[in-house]
Amino acid sequence: MMSSLQSLRQIISTFKSIPKFDRTMQHLKVISAGNGKVHCEMPVHDEHVNLQGGLHGGMSATLVDFVSTCALGTCENPRFGVSVDLNVSYTAAAAVGDTLTITSEVLKVGKTLGFATVDIKNQDGKLIATGRHTKFLSH
Amino acid sequence: MMSSLQSLRQIISTFKSIPKFDRTMQHLKVISAGNGKVHCEMPVHDEHVNLQGGLHGGMSATLVDFVSTCALGTCENPRFGVSVDLNVSYTAAAAVGDTLTITSEVLKVGKTLGFATVDIKNQDGKLIATGRHTKFLSH
Amino acid sequence: MMSSLQSLRQIISTFKSIPKFDRTMQHLKVISAGNGKVHCEMPVHDEHVNLQGGLHGGMSATLVDFVSTCALGTCENPRFGVSVDLNVSYTAAAAVGDTLTITSEVLKVGKTLGFATVDIKNQDGKLIATGRHTKFLSH
Amino acid sequence: MMSSLQSLRQIISTFKSIPKFDRTMQHLKVISAGNGKVHCEMPVHDEHVNLQGGLHGGMSATLVDFVSTCALGTCENPRFGVSVDLNVSYTAAAAVGDTLTITSEVLKVGKTLGFATVDIKNQDGKLIATGRHTKFLSH
């Protein structure tokens, strides 16, 4: 049986060759995953930034969405589901060449709802963005 | 002098050939734009959905980010800026083949902060997602 | 059988004599209620403001919570429930002597989740705050 | 010169005798405060709960608003200001007799914006609610 870490790495390894929105996550490297916590790294490339060269707000929101979904998937009896609410606060800029660390932690998993938080920092530990994601978990 | 509508269409027309995150917005058609309101349409393609075939939560968040930025850009003395806070509630699914209408309305533009709301509906008028975006406006 | 409007007015009329947090809503006048929409008015009193004399952010958040709950209660097969997510954007100040209009509209009621939006304006129609509320609906 | 801890305790000690919304915070005990972090405790009383006896969603939102404002006030060059955005996720119920711990941590203080996060837990360490608050800081 594969660990959460192996599963996530395998799923992400398929993203570069699929024509879906998850392709935006293809450069995400999962460093550790388990027990409701996921730690990733990602170098900022051209494809992640806006016309002004800063990490795109939609990219940060997608990282909050995806990495929190990964964290919820590492819980006991992992269940996937659909998004209910997502929020992001943007605290600093990041640019091409920066390396982001993205960490997510599950706050609560109930019968039908899961909550997780995500922090996005740069290589100096500066907080770039932080958000929360609430999901409806299917059985 | 170009109108807001012409300007937005011209900017978006460049997205298919630039290797930036804004490329995710390349299929957005601006129907009308002016006085703090923007109305767009977008067919859902493979590149907008997740592995299960539903409109990706990160794509919806990116639409909230981008179309609200467009709406803020149609105000008198348009000013661009950086994201402060963004939130999205996900109320229904959408799939490849659906055509989304995305409307944004500016709620307030002050000296340094702008607020706008965004609704994403399908071709039947069903609400798919709704969100708000707060931006810090530079001079 | 009482209408939504009568029920809401009756419930709120009890708030002045109960030592619960809902007492903060005792000055709310329901103007109309039905089919997922509620329209209220409330004069701003001393008890609603902060030390600087402005409408308290917690009071605005409580109005978003309560009036959206009322709106969800006016739907067919009204069901109450517990809060999942709530957000508020603060767009302008209000002070003692202002009269607020608070309107809420249900965005979606599903099997287990309900979403509603709330706008708080002053007597001049200026937007003071706007928010959304997601609730888990019990049976 | 008073410390942040002394100042906050003194301010809160006045709340029981002022007819303002801050009165809802009168039972808050500040345990520690400084360097962008505040730790409080509060017993849940009748005046904090809804008609069903659970901690009121508006009360939790007010705790997020107030305790984050306290945390921003403990930073170097403390500046107060006005709310921009606030959000809360509700993860578990609390009732009269519970003792809450409310902790807030500043995420970022810039030239004009401050961001802080707040966790509300019960006496068993269970997360009751969590939120973020963005403020516009005046000079």
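As written, the chain order gives the labels A, B, C and D, with residue 1 at the start of each chain.
Quick note on the criterion: a contact is a pair of C-beta atoms (placed from the backbone, for glycine too) under 8 Å apart; a residue touches a chain by one contact, two chains touch by 3 or more.
Keep in mind the model is a prediction, meaning the values are calculated, not measured.
Asks: Which chains are in contact with both subunit B and subunit D?
Replies: A, C
Asks: Between B-C and C-D, which chain pair is linked by the larger number of C-beta contacts?
Replies: More C-beta contacts join the chains of C-D.
Asks: Distance-wise, how many Å sit between the C-alpha centres of subunit A and subunit C, to the nearest whole number?
Replies: Distance between chain centres, rounded to whole Å: 34 Å.
Asks: So the centre of each chain is just the mean of its C-alpha atoms; given that, what is the distance between subunit C and subunit D in Å?
Replies: That pair's centroid distance is 22 Å.
Asks: Quick one: subunit B and subunit C, Cα centre-to-centre, how many Å?
Replies: 28
Asks: Send over the residues of subunit B in touch with two or more other chains.
Replies: Residue numbers touching two or more other chains: 84-85, 87, 89, 134.
Asks: Please output the residues of subunit A touching subunit B within their complex, sorted ascending.
Replies: Checking each residue of subunit A against subunit B gives 18-24, 46-51, 54, 56-59, 61-63, 65-66, 82-90, 93.
Asks: Considering only the defined contacts, which subunit D positions touch subunit B in the complex?
Replies: Contacts found on subunit D: 84-85, 87, 112-113, 134, 136.
Asks: Show me the residue ranges of subunit D that touch subunit A in the complex, using the header's touch definition.
Replies: 85, 87, 89, 91-92, 107-108, 115, 117, 127, 130, 132, 134
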